[in-house]
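Take a look at the structures listed below.
Here chain A shows up in two complexes: once beside chain B, once beside chain C.
Let's turn to the complex of A and B:
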């Protein structure tokens, strides 16, 4: 198993770089190439400030200011027929620019078009809930809070959805270790038995292939069997392997290790 | 009137079988292992298959119960998340003595492929385990073998109350 190395600054410093590798970029097109999107963008621009807009993979991406998210989504639903919020969450760009990117993926069944509304917020900045406009944002916003720690204002039930309520840390942040931090590794022991049980139960064994040669409680060596829990740090006796019953087998001679001959000369 | 013939010359001439209390009690215990329904993931599907007609757990006396009060054995079948850990411990505590635990599958044994922050790395951190059953997921035959091994283990135990209840700590 690969050892765990902290990847706190994984976005700043890539641990593997190929000199000739060029990051693939999905082509961006101007909004004016699609008349439906161009008309939609014109309506949005009439009421709100649009920071950036382009078409990517036949979907329009619109960057807005974070304080406008409720107004823009209400406009999208009521005036522009984008009646479904199919997905929303956050993207962790904290190491890169100290910000979260929030995206709302909208679908219009009448126009047969998809639009992605995006905005950037600071790490401890809260964002307005859109649950009053799209009911599907209820659990999505809770998951965003659970996984990234992005707080949502005016949400009806702002609690964690996947992790336990008393969990500490936000697991989908890039800085969160894959195998859990100190709190996560002792969570179940602390909760069930209390902190004093940590010494008895011991830390998690993350390497499933680990074999301790001197651990006679969990492992046994063939040919060197000893009693359960015996201390073998000073060495252990050999236990002779016999492959036949004590009395021998009818018509077959009893074979012992002492009588056997190991042939070293292969040309004999 | 009984149609079959009773042969009083067998068994030393007496219609009596002699045994010890330990053997009699353990015979009863090992042949009526009521299991707590505890399917947590894909191993639970194999456990269901073991209980269904093709593999037929009923012939071992293993009947799945939905209540810990009526169960003797907990078959932890699947991935145990840290969120769920306190509930498995609570259900284990609610089971009446004597009780046994089979840890079924890689995830329950060691956390398996889920080497992540949210998975308990082996249910033996939470409850004392009697049989570790490897496999991902184990076939129903394997689970049957594990239950038969557990029956063997139970028959070797003392039946009286002086045996200490298993404790993790």
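Let's turn to the complex of A and C:
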């Protein structure tokens, strides 16, 4: 029987088939173990609802409600000195939870601390843009939309950034196949020649080492030079290969085996 | 067969015939001074830019998707292809992230060699930056000089790991090789000559009238803009923020070496150029100290963590269990503990975004010098 592959997460592979494997976790610490983080968390808790908070790999992670994202980030910048948004994007948990996780990675240069603000949103839920607070979110949010299809409200230019504007599908979702879907494989053909040309042009050869033995248009063969486009299914002609022109070149005569003396005695 | 209207240029929402005297200039993506595949849509009033719209994605290969579908050691050589000018720093960022997840302590000699690789890469990258930017502005001599020096460094790294551009010389858990015999002597020889070389470049450029006109008071990034756009490195330090991650959040042995952080509050192209030159001098300073550290280290190169890192070759060849684990680690890959880690990443994506706010108000020739001093590498912007 063929093994079942989940359709909602096409890239989930079971490298290990050990049923009793319990994945170890990276240690999480309580926020009270770090004074700076504890003080920051207290300020956030004073104004917004905090769902969860812990310290992992020396950085604090705070879970908030998705509707609070703008307010929390404004508070972080204005009151808590987190002046840089180093990174923001989404994580696809659609297969497990039916949700996207949005994270904002913040840096405070005065405190030398990094904080990650996180929230969960539903698949079709939009999130408020934080581009007014951190300009770097402008491009980061566009990339998030491009890669995951998470819509952002009140963004000045909500368009794809890495993929072409007329692309279909969101490449970083777990449901998007690694090799690309049907739209991706026919993108150029459809756009330049039209769908009806698919049969004429044929699919793209993605195996870089593929050689079609009888294709005289795209492949050359040494020793059997044939004209472009010639039919060689009946066999190909042998091309005589010589290392020198007939009659020799300037100062050097043509050497032929018959007219030459072949020395067999090495000591001569 | 070809459809008549299908090959129309595809400019969304942009009309090229306008009546308000505004010209839209399509800069790139094949422009030689766009340092890769940057396309800029520039809205011009006469020669002045009123709106800039950078368009990226021409080198998008889907690194994240590839990483999701690979085992950890498989992905390491792919990280070379992001910032291909200084590839060891990408290798290092990735290796460091995985090491933090596992909680690995890397042997001291590996740390020393990593620092050497990182700093040599920084020198290579800065020399490349200087050469290409000078070429964009028209200084052919500096281009040739810069590439000459960079060639020495590439030969040096070729001696070490066999590759000149994509090194993959930093592995998760350490480094794969010890230094070759002549490496330290060769590097010292290069470093002894470097100050004279840098002085040559500065003599050619510092008071050069063309260079000054193209660089001074052009592309001024204010402190607020630099912070808001998440700039790092010389882009940030030239704008008056004294923040160097090697000093503030030291990794490897940066807390044991002495070096200064050059910074400036001008924020213009010229300040960034001066910072690059100063940083090369600081790199040389660090390298001298690291070279001295090397001889006091014990010869271990890879961390000892049998669950995650393959044992040394002698163990694999002689001990059955090491061999079995090696097989598992190569075919199925390591499985670090489940968790999240953030390691500061490649900044070019945001340094390209800055152009949106930076270019308006400037003139067309400034575009070239501004793109030059942002030092963007497109493998890293598009990933």
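Just so we're on the same page, the second predicted complex is superposed on the first by the 186 of 268 C-alpha atoms of A that agree within 3 Å, B and C clash if a C-alpha of one lies under 4 Å from a C-alpha of the other, contacts with A are read in each partner's own complex, and residues count from 1 in each chain.
Basically, contacts are C-beta pairs under 8 Å (C-beta built on N, C-alpha and C of every residue); 3 or more make two chains touch, one makes a residue touch a chain.
These figures come from a predicted structure and were not determined experimentally.
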Mind checking the superposed model to see whether chain B and chain C fit together on chain A or clash?
fit
First (chain B), second (chain C), both or neither: which does A:250 touch?
neither
Just checking: does A:197 make contact with chain B only, chain C only, both, or neither of them? Give me first, second, both or neither.
both
Give one of first, second, both or neither to describe whether A:112 is in contact with chain B, with chain C, with both, or with none.
second
On the A-aligned overlay, A:188 touches which partner chain: chain B = first, chain C = second, or both, or neither?
first
Who does A:178 touch here: chain B (first), chain C (second), both, or neither?
both
In the overlay, answer first, second, both or neither for which of chain B and chain C A:228 touches.
neither
Between chain B (first) and chain C (second), which, if any, makes contact with A:163: first, second, both or neither?
both
With both complexes overlaid on chain A, does A:214 touch chain B (first), chain C (second), both or neither?
neither
Given the touch rule stated above, what does A:23 touch, chain B (first), chain C (second), both, or neither?
second
Can you work out, in whole Å, how close the C-alpha atoms of chain B and chain C get once everything is superposed?
6
Give me the intersection of chain A's contacts with chain B and its contacts with chain C, in residue numbers.
163-164, 171, 176, 178, 191-193, 197, 200
Which residues of chain A touch chain B once you look at their complex with the stated criterion?
1, 163-164, 171, 176-181, 184-185, 187-189, 191-193, 197, 200-201, 204-206, 208
Complex interface listing, chain A residues touching chain C
11, 13, 15-16, 23-26, 28, 56-57, 59, 61, 83-87, 105, 109, 112, 114, 116, 134-136, 138-139, 143, 147, 159, 161-166, 171-172, 176, 178, 191-194, 197, 200
Listed in rising order, chain B residues that touch chain A in their complex are 82-83, 85-86, 89, 110-112, 115-118, 120-122, 125-126, 168-169
Over in the complex, which chain C residues touch chain A? Could you list them?
1-3, 6-7, 10, 12, 56-57, 60, 62, 64-66, 68-69, 71, 100-101, 225, 227-230, 241, 243, 248-249, 332-333, 335, 337-342, 344-345, 349-350, 352-353, 356-357, 382
